[in-house]
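In what follows, chain A forms one complex with chain B and a second complex with chain C.
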Partner chain A sequence: MDNILLGLTNVLTLMNILAIIGGTAIGLFVGAMPGLSATMAIAILLPLTFGLPPATGISMLASLYLAAMYGGSIAAILIRTPGTPAAAATVLDGYPMSQKGQAGKALGFSLVASLVGGLISSIALLTVAPILGGIALKFGPVELFAVAVLGLTMIGSLSQGSPIKGLLAGVVGVMIAMVGMDAISGAPRFTFGNIQLYSGIPFVVALIGLFSIPQAIRLIEKDQELIKPGSIKDKMLPSFKELKSMWVTMIRSSFIGIFTGLIPGTGGDTACWFGYNEAKRFSKHKEKFGTGYPEGIVAAEAANNAVVGGALIPTLALGIPGSSATAILMGGLMVHGIMPGPTLMTQYADVTYTLIWALFLANFAMFGVGLLFTRVSVSVTKVPNKVLGPIIIILSVIGAFSINNNIFNVYQMLGFGLLGYFMDKVKIPSAPMIIGMILGMMLDNSFNQSLMMSQGDYFVFFKNPISATLLAIAAFSLLQATPLFRFIRRKIKNKVA
Partner chain B sequence: MSKKRNHILVVVLIVALMLTFTACASQTAAPAPAPEESKYPEKAISVLIGFNPGGGSDQLAQLANPFLYKYLEVSVSNIYKPGATGAIAWTELAKQSKNDGYTISVTNTPMLMTNYIMNDDITYNIDELTPLVNVLTDPGVIVVGKDSPFKTYEDFAKAVEENPGTVTVGNSGTGGDDFFTTLIWEKASGLKVQMVPFQGDGPSYQAAQGGKIDASFTNLGVVYGQVQAGNVRILATFTNERSGLVPDVPTMKELGFDVVAGSSRGYSAPKGIPDDAKAALIEAFEKTFKDPEFLANIAKLGQEPDIMIGDDYAKYLKDSETEFINIWNEVKDQVK
Partner chain C sequence: MKKQFIYNLVAATVAILFAWIFYYESLDLPRVAYLFPRRLTYVITILAIALVIEAYYKYRKATLEEQEEGIKVLRASIFTVSIALYVFSINIVGYFITTPLFIFGTMYFLKSTKTRNILLITIAFTLFVYLLFVRFLNLPIPLGSFS
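Now for the complex of A and B:
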């Protein structure tokens, strides 16, 4: 308790508050720029914080991480390009809303959902970090395999229209994830003798290519004014009445975000899809999702902001980073001479609790800065398509290059761009491909590791309670999409009617 | 708002973004103060890092750069070229970088050698480099979770002996230091375990900490924080002498097996750099290693310095290379 209060008094200095607001502003801006992820921004800014005291520097980066999660939705809503991987699901309902002339409202929903998600996860971080942290260790290879399988079942519900095309894209995604050195045998796979492919295809490279380039080409092709979302004529802040119906979704997504963040290796990019998918599953208006339905935005945005607090729980309580961005934050702590690990909560409690409070305050900074900045950002959509298209391509090139300072990644990105463009032409969705890429690696490694641990016994997945439960949910979610279930559902409906 | 004004706004936004990038880039590449007398160094020195920012190589470089700056009086900046467990950066160092002494790289064992020993596509080798200094070695250790039935190394060895090939032991990845340490230890002790490769040291020791696997071969610096917090237990270290960080833990030598292993980080330059450049670099490193502030920072990372200079470092790399080639030739058929 003393430590919690100590952290609060530490954070309330001019320097720290300025760092939080500064980090938030940079985060919003970086998040709004397609191709620049929060992870990248933290990595780029990390060296600049070395001159600051540890708590201030790390607080600034954590605020940036949080704000970038909201910032990502701005580009997703306005130009159909997720500003960060975590905003990919926001595109589905955000862009249709802005086409309907409700860009302001879509952004408002996103901002409020981000605030709620961020606050709930900050509170979770502050109160239950030491307790919740233990869960992370319960997830070994066997459990991770089940998580990956459950994740893959999401492909079914993400393929709008044709499940076959969705599965095709998903399978290609899993295959792309196999590129590189096999972690189990050390053998290179699909590398064709090129060492640039040894560490696989960076996920961000594929994401930038698949989401940004086709959009840029489409803009240039159309060569006409985009349907303007209007200069936020509609009020940004949703009314209390509009929000009332979404509390359940917001809170559900927040908890999904916290837990997704908690599991090592998964972050906002996974959480937004989980949040979106669960909201759709529980909704009475499934058909409205994907057509510009505010609840879709709220579900994705609350989840990806909640990831921040969730991912910091194992990072701070155990020294196990819950996401790639927190892994870099941890690197930052180490550069400041602070050893990550359980001692963070005891030996370095002053820094740790200052950071937690900073994150809490950053939510409000994000809300304020978001209200101001978002209105400015609408201008992006007023640029003629011919100008906007090349700008997106330039930013994508910069983004792809900055990941590893490697021109090879730029070629890869452009390759994915063309692939995405042709997939779009033949109506194959790209979202399942992304899911396949995210989960393919985890699926492959955890499967092999599990079998090595069980001496080749396949039943290991069913003997473990956590994985058995997750696999059962996955099976149920698959069955739900079969004709059998549709038949049962119709029967029940008829009875009720 | 008029359309024109919006255009201007967008341009301003983009310029601001570009400035941010430039600012970030120029932060590290600040112009170097010109030295007055000696010929080397006259301009900024680049350090190629073959891994992501925040990783072990980056940590070392971030710690050492200010001291190199102090003693060489030119700016020293990192260039990150991650990929293929460092092979992209080291291939560039060996094949493409000018051998003028202005490009050096953090070189890690065993990856520096195992990369090309295990993969024909990777074509550089240590004969194309000028090894400068080794800075630290993170010693190999055997850890178990705090609830593990293995209280001592003897408990562990007994269980392995009674159940050959079924006790699960994690490592940081096939081809990594812990992978080779396990093989060397198996050969020395005649025991056989079920190796489980993970992606990195973290997942490996965490699986042992959570009781998912029986033990993990990892590194002292990686688990030191967890040891202090009482979450994991070290059964033995692969060091010459007991480590000052964990003085109560026996070394593998004391237990009767002459196995010393770990993961080292040092610096190398391309082959054939000018003699004065090599001498100046080594001198700056020697001064750095005597700087108490530098040593204190190394200790904070849970690391102990393991200084090897010039030819000593070159010999160490060459000896390790021979050892890894022998081990790999023995096991490669069963792994692949």
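Now for the complex of A and C:
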């Protein structure tokens, strides 16, 4: 309780409130640009926080993440192109509403749903994360190893496309994290005699490269079809009467968003479709979905904003990022010397609880900024991709350099960028690689400590009931992604039929 | 689909090479330092082989060539090379000389907008970066030989 109050007191300083408002404003504009994703925006704007106190900087980035989720709906509604992948389902009903001359109303529904989804998930974060964090504090190396394995396998196996590719990217990420001095023996590992690698590969450098360079190249490699955005002529705020019938959908979608965020590897892009489909399934007017029905917008937008708080729960309580965006937020903490893990809720309670409260307040800031600036933000949907591409590169370079004031980091960032572009072509997801890099040291240390404790007995991981359960879930998440599982399921189905 | 299969084959080969270079590097390490990474090299090898099998299976099943439409390969290649040139010249020439050159050069080549607008974006963005990162945030910027 003391920590919760401490966080609240910390967040209510002028500096932090300004950071929250600034973050939401940037997030709104970034989200509205179809060429920029929230994840990439956080990655390239991370250096902005280096000169700020840790709590202020991270609060700003979290606010940006939250507002970008709403911002994504602006382009989705006005130009039929989701500003972020999380707004993909918003297009279905948002754009038809805008075509009917109700763009303002559509954006208003999106804003209110984003506020409700964000608030419910912030409350969930504020209540669940401390409890989970308290349990995680009792974990020893054996349980921590199992938690990290579970996080990695879930991220890998739930990746879109091939689970093998997701897992491969994750394990390669863990391997990259092994570069540098070994924490136990002090021996330099995989440095190839290069002194610059003794301190390891900063994962913020890798994530700037992996998320920004491929995106910049993707933006220019195709000719862009410029769509003139529709104008907002009507009133934005919906009346209470209009919202009355949608509360159930908003609350249902919010919980869908929280649970989707909780599962590592799934994010706003999954939640928006999940929320939309469930709203349609429960609706008495299924036929109206896709024709400009406000409930469709509300379902998708409440779900994608609720992901933010949900994804932060495992990030803050266990040190396992729930999404690539929260992985970057974690990177921001690491830049400030705050190591992710269960101690985030105790040793760094001031920063962590400030962040949680900042996210709560950011919902109101987003609502205010959204009401004031949505009409202005329409103009950024017109920025050509060929202008954005070179600008992304400039910001990435400055970001990579400013981490350690070292040009070698810029070269590393470029290397990761080119690797990310190749991975993109082979359809290998880059998010598991980043999360593997974060979990790498935790896996290595807890693995070695567990074996030391058990005098080399590998069964130590199965003798402990918590780790055995977690590893069994990990094994199941792996198996369900294999063709063997699909074969068994088909056989059972046939038998039942 | 054949192209995707070849891409996957290249990715698997690179992953196996990467794993075994790391394995070779681990030979001189103390036991506690190599124990976990060596197990990772085995997992990477297994997953890379699984990737090839999966890609081959998909290639055999697919009938139509899947094509990504409208990709300008030459444009993307020149842009990528210009990024590399930009990054490697920063340390020699300095950030505030290479940056405007890169913005103007790439946007002019990409025909991003009118030349007058490109010039305005170049000046405005360089100034913005200078004011925000150097003056306001006091972040270090590589100034090259002109420092």
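In this section, the second predicted complex is superposed on the first by the 272 of 497 C-alpha atoms of A that agree within 3 Å, B and C clash if a C-alpha of one lies under 4 Å from a C-alpha of the other, contacts with A are read in each partner's own complex, and residues count from 1 in each chain.
Keep this in mind: a residue touches a chain if its C-beta (ideal position, glycine included) is under 8 Å from a C-beta of that chain, and two chains touch if they have at least 3 such contacts.
Model, not experiment: these values are computed from the prediction.
When both complexes are overlaid on chain A, the residue A:398 reaches chain B and chain C alike. In the superposed model, A:6 makes contact with neither chain B nor chain C.
Of the two partner chains placed by the overlay, only chain B lies in contact with A:140; chain C stays clear of it. When both complexes are overlaid on chain A, the residue A:126 reaches neither chain B nor chain C. After overlaying the two complexes on the shared chain, residue contacts for A:390 are found with chain C alone; chain B is out of touch. Judged by the touch definition given at the top, the superposed model places A:184 against both chain B and chain C. Once the two complexes are laid over each other on the shared chain, residue contacts for A:449 go to chain B alone; chain C is not touched. 47-48, 50, 182, 184-185, 187, 391, 398, 405 are the residues of chain A that lie in the contact sets of both chain B and chain C, per the superposition on chain A.
The touching residues of chain A, when paired with chain B in their complex, are 26, 29, 33, 43-48, 50, 136-142, 181-188, 191, 193-196, 198-199, 231, 264, 318-321, 327-328, 330-332, 334-335, 337, 339-343, 346, 376, 379-380, 382-383, 391, 398, 404-406, 445, 449, 452-453, 455.
By the touch criterion stated above, chain A contacts chain C in their complex at residues 47-48, 50-51, 162, 164-165, 167-168, 171-172, 174-175, 178, 182, 184-185, 187, 189-190, 192, 213, 216-217, 220-223, 384, 386-387, 389-391, 393-394, 397-398, 401-402, 405, 407, 410-411, 414, 417-418, 421-423, 425-428, 443-444, 447-448, 451. Residues of chain B touching chain A in their complex: 1, 3, 6-7, 9-10, 13-14, 16-17, 20-21, 24, 27-28, 52-55, 58-59, 62-63, 79-85, 87-88, 91, 118-119, 121-122, 166, 168, 173-175, 194-199, 202-203, 206-207, 209-210, 212-213, 224-226, 228-229, 231, 297, 300-302, 335-336. Residues 4, 7-8, 10-11, 15, 18-19, 22, 25-26, 29-30, 32-37, 40-41, 43-44, 47-48, 50-51, 54, 70-73, 75-76, 79-80, 83-84, 86-88, 90-91, 95, 99, 102-103, 106-107, 110-113, 121, 125, 129, 132-133, 136-142 of chain C are the ones that touch chain A when the two sit in their complex.
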